[in-house]
Amino acid sequence: MSPHARLALTVGGLAALLVAVAAAALFVGSAAISPGAVIDAVTGRAAPASVESVVTRAIRLPRIAVAALAGAALAVAGVAFQALTRNPLAEPSVLGVSGGAAFGVVIGQSFGLGLTVPEAMGLTGLAFAGALLAAAAVYAIAAAGRGTIQIQTLLLAGVIVGIFFSAAITVIISLLDVNRLGGVIYWLLGNLAPIPPGALGLFAILLAVGFGLVLSHARELNLLALGEESAQQLGVNAERLKLTIFAGAALLTASVVAFAGPIGFVGLIVPHLLRMLLGPDNRLLVPTALVGGATFLLVADTLARNVVAPAELSVGVITSFCGAPFFVYLLRTRYRGTL
Amino acid sequence: MRATEPGRTSLRPPTECRGLAAPAPVTPPLVEFRSVGFGYPASARHRARPFRLAGLSFAIAPGEIVGVIGPNSSGKTTLIRLLTRVLEPVEGEIALEGERLQSWGRAELARRVAVVPQGVPRELPFTVRELVLMGRYPHAPGRFFENPADVAAARSAMEATGVLDLAPVPLAALGGGETQRAVIARALAQEPRLLVLDEPTAHLDLRYQVETAALVRRLNRERGVTILLVSHDLNLAAQVSDRLLLLAEGGLVRLGAPEDVLDETLLADIYGCDVRVESNSATSRPTVWVPYTTDASPRRAER
Amino acid sequence: MSATALAIALVLVASAPAAAFSARDMLGREVALAAPPARIVSLVPSVTEVLFALGAEARLVGVTDFCDYPPAARAKPSVGGMVNPNLEAIVALRPDLVIATTEGNREETFAQLKRLGIPTYLVAAHHVRDVTDLIARLGALTGYQQAAGPLLVHLERRVAAVTAAVAPLPRPRVLYVLWPEPLIVPGREALVTELIRLAGGDSVTAADADAWPRYSLEAAVARLPEVILLANHGANTGPIDEERWRRLRSLPAIRDGRLRRVDGNLLHRYGPRVVDGLEQLARAIHPEAFR
């Protein structure tokens, strides 16, 4: 089978799975709506102000979309970052960018932003501002005046910057008005919520840009595994590759935090799962991560909002519960030397 | 045709002469270094003392095998990096096929010059086939997947190094010798005119050292690939190379036929220990050996 | 009113725009409603209590998990917590108004409700007069003004009784502990501060501009409180560790045995039971006046 065919088949299969999961997710929720009513709502037969219409179209559908977009972005960023740093433990949050974005949002929430639509957009803007600050800091540390990015330093710089912003968030929390505290902590746990169509559209565009940046360099990422020097000797512009991938992964990660909140482990687990199934070729991993990540987070979020209904678990709880044992599994298999 | 020097003593060039010792090649050189200089930036603290490559001038003729020898930190690796544009020279110029190296694009350069590094990174998860196909990148960097022509070229390269049977095997499962052959195949898949091998026999068992040497000579004779072989193994370099390039402390000390370059006094001076060179009737190349059980001090010139 | 005038009034009302019944919430926002709300979701336990006290519970279709008073409130459908109410649950109740607070609910929730087209009425209370205001507003909103009047009068009488009883007595320095670790105390904008004043004491942390500032133990102790009140928060929270306070033997409050527990649920909510809380505070600060 030609590699094109194999890719198309794999992505197609996963996409079908995603659609099936999304469709199923439409039918489950806290509000008791019959499947027939859900279908009526989707096809437009139900009245626009009816419960099934509002719940299905204004709550469930946007939430499913956010989960899919966020999962896709995190998984692709994870693949990119793991390939860039040649480190299987690399996760988008280690970039430091999500810490900066979270800091931006927490600052905004502390000042009570979010009450009006412009303020909600302001929160998103603050998230990107924080992310940009963090990315600039990471780049500055990693380039260290030489003008070229040192990969080992990049990882370290990301961790340092992430820790710094984490500490800054902790400072804010310790000083925060008691009434706001609950809300800020709730956001920090990582909870998905429906967002307006405009924001969804913007999220989708940013995802497409980040995905494009990474996908167009998937072949070079394979070569990077040979080491920077060897990759350069094969004709790869290593500096531009590093910068492009860093920018793409940062954009994806920042978008997730801005539109969906801080969610961990997706960017770690999904790439590894896919690598176990499909092998190490990034040309396969990047597109399948897009669809596979979307499916993964969608399943996690559907569980989160239904297992203890009407209460909701944070989706971050579900992904962490998957993440910890997964780490153990990773350590054991690598320790035994099997690949 | 390569020239071989008759006796050593009468035609041995003076040590101060830095330049071509062999007769100038008839065809235009494939690679030319003209007074190339390089120094790592002052901030590079990983070096005990500042390193500088200076006044390096030599040429490599198409179709020949040149061995680069010298002590550690003499500039052998730096030479490869300069040749492949991983580093840019601070002084002088490098020419490939008569054109300045700077005017070559990266992919273009990779289609001419292929480097066989000392191994592959540990835990590289790819199969032999996937590794060899990576060598096709410079031929179409914009292409996402390799096309049938790429697959055919990779196949041919694997055949030449005898790893075709191992194509679907993960690299992690291979031994040292097989891995080396896979890496050479990857370089061959680039279809280069010049193949640069960086310490190809380091860490290899004797059998695989012999295999690698034979492979290198076969590639040179049957495919006309020009070879630049960097090695600390003086005997291997002597037996395989047409000419030897001796580097020490960033400078070219001697370039010429093995018999001329492998001079006892010179080597003792450069390596800082007692070195013996003997002629070997079986290989018609000099053999270098070192007396390990005596005091390591340079021998005074007596002979 | 004459029949003609009535007819004119009826015509005017009939031809008035749909959003005739608009109200201003306690944050000054216009809340547009088509009619007096008949299906209210309350995201604030205080509001739930007020609605029950007014007799308007028939209009209440949804509450939070924390709306536990009166006991009948627990029978109402719950939409989740204050910080993370379930949007689907809210929508499924088909409310025409959601009442929420900026102290305890999240802005994100208001934004979501607005997006879903559900009007939201925001409340907040920092002073006793806000409690009065809240009761009056909810009365007007639900059409139960008649009940609001007597209720307010009754509450005012009890407040007056307390202030009269403590008026002649010396005013001790009072430290109110909302939460021991980190030490959270009431500032100027907290309702409890005014209640303490009405109960015949002076909160040592009253000068702080925030509503609920954090203090170090040192800073609190340096004010030499003569009465220390430890607030509990209902059955869900653990027992209050009094021992760490009793160890501060040189403090006037401990020396004189004036370390008391109070029911936080009465003092942090701003419904009618605020007066119960006030009475409890007065008894804790001046037990001798209420034998």
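Letters are used for the chains, namely A, B and C, taken in the order the chains are written, and counting of residues starts over at 1 for each.
Note that in this section a residue touches a chain if its C-beta (ideal position, glycine included) is under 8 Å from a C-beta of that chain, and two chains touch if they have at least 3 such contacts.
All values derive from a computational prediction rather than experimental measurement.
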Third chains touching both chain C and chain B: A
Core chain by centroid distance, with centroids computed from Cα atoms only: A
Interchain centroid distance [CA atoms averaged], chain B/chain C, Å: 83
Separation of chain A from chain C, taking each centre as the mean of its C-alpha atoms, in whole Å: 40
Where chain A and chain B are represented by their mean Cα positions, the distance between them in whole Å: 46
List of chain A residues in touch with chain C within their complex: 29-33, 49, 51, 54-55, 58-60, 109, 112-117, 119-120, 174-175, 177-179, 182-183, 186-187, 191, 193-194, 196, 309-312
Chain B residues touching chain A - in the complex, by the definition given at the top: 43, 81, 84-86, 105-111, 113-115, 117, 120-121, 123-126, 130, 134-135, 137-138, 141, 143-146, 170, 172, 190
Sites on chain A touched by chain B in the complex: 2-4, 7, 86, 146, 218-220, 222-223, 225-227, 229-230, 232-237, 275, 279-281, 283, 339
Residue ranges of chain C in contact with chain A within the complex: 65, 78-84, 86-89, 91-92, 94, 102-104, 106-108, 110-112, 115-117, 178-179, 182, 184, 210-212, 214
